[in-house]
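Listed below are the structures to be examined.
Common to both upcoming complexes is chain A, partnered first by chain B, then by chain C.
Showing the complex of A and B:
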């Protein structure tokens, strides 16, 4: 079996399986924990409204905090949106997904995807530099932070290399690209990348608690 | 755990009340092997772990934003004062012992075992440099409630005998004597009588039946006893049936602040039982921030079912009385600003009430930047004020508050927390400032319209 066949075959199946099982395990590991009944008299019982509000309010920093954190938010949005565009709107990706799940959608022009990929890489590099340069984030950071960064940027870099036919035989680079994405899938459930799901739960939970207490957030 | 004997005398003369500055500190209580101490800390931390706390533990992306919201970090510039870092050993413990991947971390030994030295180092981070003000939750892109997690870490630290000397001493005294600051039932009764005479106001103590049970903070009883007279004046003015009870009056709850859940429950249950005993329909909480969180939001959970009476902070009670016309006041011709006690406003939700009160008094309210939700904590809450070791940073930090207040140009500062007040008084002395915070309740009581 050559590398590309391996990447498209067993490696893909295993990594997708680990991804889904891992994600479900970790989410249910938390969801199934005991929920204590709160007997205090609520100011409001519209907890869902609070949860949705919490989700929306935290999309952007409060005015008071903007001077300190807005730069990180902008960089964060650039690479998150950039990743979403590259992953879900590059025509070969859509075909790849369609092959598996049978559903496809319209893509964006390749040149736009390449530029987006380059911008995403730039934003991720800037985030890493900030992480290391800032004494607070340097202190907080552990292996998870750096390795998650690596497995996030690697598929973008290898993808651009494959598209540019650079770095060796196309089939090899493509195989490495697919394998790097599979590494992301495998690492995902064990890492901070789980915030993809947990941000909804966490913000929603606090939003609901605030609503219950009548805190004007 | 009695090796810190509460012979350690109280210091009731200085601007802030605590135990006298210990000559030798005992920041470790009880005898147990280091290993056991660590295990106890971690077990008691994860013991209360439910869905909510676990969600927060899973969600941190190490972005460090919380540092900017924390007055301790802003004052010290020390990265260790980043709110989420204060939980680092407990995060390790969660991942290793309680999280969904615990087996994985343990089997591969991916998270190292926490040591007692680390916990000793973290004592300063969990107690001296966190007032549990909750401002960091607002900046957190995941809105992690770090203050609640710090409260849980304190549960672990208390059981492991790793509480700062002074905080342990006052909490132990609170459990044993009924007050952290020597306001025993006898002292309380004497001081009520004194204030009744001094202010010529009718006092009600230990009534068998009353519609309203009034509670106090030990800080008020010992340091601002006029608050008792003010409370009585307002309630008499309204013509309500009310009482103080010597079997349930102390609201500060140092059990909660120090991290002893059993003591927290004891302290809450005294007030709950007293209210039930006199058939109260309403329990009024005093001007004290953490007292509000302890009874308004945790009291029923200590009781194990909904409370058979209403619980209101004094500012809420005053606001309703003024709105309904039960309280009539003269106008106050002053410019004022209002310092939000974190546990009442940001974490308690009673943010509007003091504004209603000041509006009814006709005061010219000049809000601080970020008033209400975003307000900077004064730095005295969460037991920090009792710890002498924390003084330098607390004083430094208070500059943020002074600048905020000066910027309003208001003549007077008001608040509804006696702990904030003593922190203001202490800092006023330290910084030779011409201002301090005054009581909202006193202002209302002084301006009742006859």
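Showing the complex of A and C:
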């Protein structure tokens, strides 16, 4: 079995299985936790409205914090949107997803995807530099932060390398690209990457709590 | 089959006897140099070397194969320079082409092996079964492995013609009931003598590729530069995809959705229809087939990847390259159920722990 067949076959099956096992473990484990009872009298009972408001309001930093964090927000948006474009609008990726869920959609020209990938990498590198350069964020960072960054950037870098025929024979680089994505899948549920699922819940919960307390979100 | 007294003639003499003009010969040398990515300054050197080269004795052995490779080599446009080249070698044994049969054919093989010991070029077509002492394919009461062992011993070099002899090919496909292996596998495992080996893979290989390899061997007296799979880099250095005339449409994101739809006829990329061009190294897109008429992708079908090892076991020919090999969904469903169960268990333990703390308080 060559490396590409291994990456497309057993490695993919195992990594997807681990991904689903881990994600459902975390989701059930967290959602079924008992919440502390709040005995205070609610100032508002429109908690869902508060949750939605919380989600929207937190898309951009508060005015007071803006000078300090706006750069991080912008870089964060660039690489998140870039990732979404690369993952969901590159035709081979769409075919991969269509093969699993049975539904496909139109893709974007490859050159646009390559440029987006390069911009995504630049934003991710800039964020890492910012993290390390700032003594506070450096102190707060642990292995999870750095490894999650690595497994996020690795598939983009190896994908571009495969497209550009860098670093070896195409089928080997393609296999490494798929394996790097599988590493992301395996690491995902047990790391901060779970924010993909949890950010909606945590921001919604915060928004609902603010609504109940009658504070401005 | 060539006559014995032809063997001392030089290649140039034979070609002239067959009516090939000096101009035609030089054209062939220039084409060969171009195919092998050699500079134009090498053309006179090739011409000189080929002109003076003695007709090499070639033994062509066929094992577990379909004769498609021999068909490919002999059914090229007539008369091509490839076929002249093929005539210009002294083909001392080839089961499909030789007039002799039975003991006479076997005698021709053994005579050639004896007379040109250490000098003949051994062309092998087909994989070699090794399971159960190789009983699954025998010729004249001998297993393919025994024949290969004897023939490899006195060969100057071995050319594995086609994917079966290069990598095992279709006979080696899962579950490989005959234990089929390639020539290279036999050399690696020490079952036959290790000789310079050139893999000319393809199902079948391109005629001009085998001619080019022979010309290179005659000109330089050594095997050409080979890739990781032992194939000549000059022909297997680039993928079908990179040299494909449909490639610009891949870059533009324009893909044929079905065979013979408007996109397919307009030359759009066949990636979505399962083309294996991106991972297949061969010269089809440049040299093409049938005298440069066309090649599979040009005629509307995706590349099968036939020149790659284990191409038969790499999933459907019609599934896009980027799709995974899932097998069944049960494993994923079981993992999801296990994850949910562990999550529920973890939450239950946490609640019990909370209860215990509350009671203690």
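Basically, the second predicted complex is superposed on the first by the 215 of 217 C-alpha atoms of A that agree within 3 Å, B and C clash if a C-alpha of one lies under 4 Å from a C-alpha of the other, contacts with A are read in each partner's own complex, and residues count from 1 in each chain.
The rule we apply is simple: a contact is a pair of C-beta atoms (placed from the backbone, for glycine too) under 8 Å apart; a residue touches a chain by one contact, two chains touch by 3 or more.
The structure displayed is predicted, hence computed values, not measured ones.
Asker: Between chain B and chain C, positioned on chain A by superposition, is the outcome a clash or a fit?
Answerer: fit
Asker: Quick check for you: in the superposed arrangement, does A:8 touch first (chain B), second (chain C), both or neither?
Answerer: In the superposition, A:8 contacts chain C only.
Asker: Under the stated touch criterion, which partner chain does A:174 make contact with: chain B (first), chain C (second), both, or neither?
Answerer: Once the two structures are laid over each other on A, A:174 reaches chain C alone.
Asker: Given the touch rule stated above, what does A:25 touch, chain B (first), chain C (second), both, or neither?
Answerer: both
Asker: For A:102, is the partner it touches chain B (first), chain C (second), both, or none of the two (neither)?
Answerer: neither
Asker: In the superposed model, does chain B or chain C contact more residues of chain A?
Answerer: Partner with more touched residues of chain A: B.
Asker: If we overlay the two complexes on their shared chain A, which of chain B and chain C does A:34 touch? Say first, second, both or neither.
Answerer: In the superposition, A:34 touches chain B and chain C alike.
Asker: Which value, in Å, gives the least CA distance between chain B and chain C in the superposed three-chain arrangement?
Answerer: Taking the overlay as described at the top, chain B lies 5 Å from chain C at its nearest C-alpha.
Asker: Taking the two structures together, which residues of chain A meet both chain B and chain C?
Answerer: 25-26, 28-31, 33-34
Asker: Would you tell me which residues of chain A are touching chain C in their complex?
Answerer: Residue positions touching the partner: 1-2, 4-5, 8-9, 12-13, 16-18, 20-34, 91-93, 95-96, 99-100, 107-111, 165, 169-171, 174.
Asker: Using the touch rule from the top, collect the residues of chain C that touch chain A in their complex.
Answerer: Contacts found on chain C: 228, 239, 242, 250-253, 255, 271-272, 278-279, 309-310, 313-315, 319-327, 331-332, 334-336, 338-340, 342-344, 346-348, 350-351, 354.
Asker: Show which residues of chain B lie in contact with chain A when the two form their complex.
Answerer: Within the complex, chain B touches chain A at residues 49-52, 54-56, 58-65, 67-69, 73, 79-80, 82, 84-85, 99-101, 104, 137-145, 296-301, 303-307, 310-311, 346-352, 369-370, 372-374.
Asker: Can you list the chain A residues touching chain B in their complex?
Answerer: For this pair, the touching residues of chain A are 25-26, 28-31, 33-36, 38-41, 43, 54, 58, 61-62, 64-65, 68-69, 72-73, 76, 134-142, 144-145, 190, 192, 194-195, 198-199, 201-203, 205-207, 209-210, 213-217.
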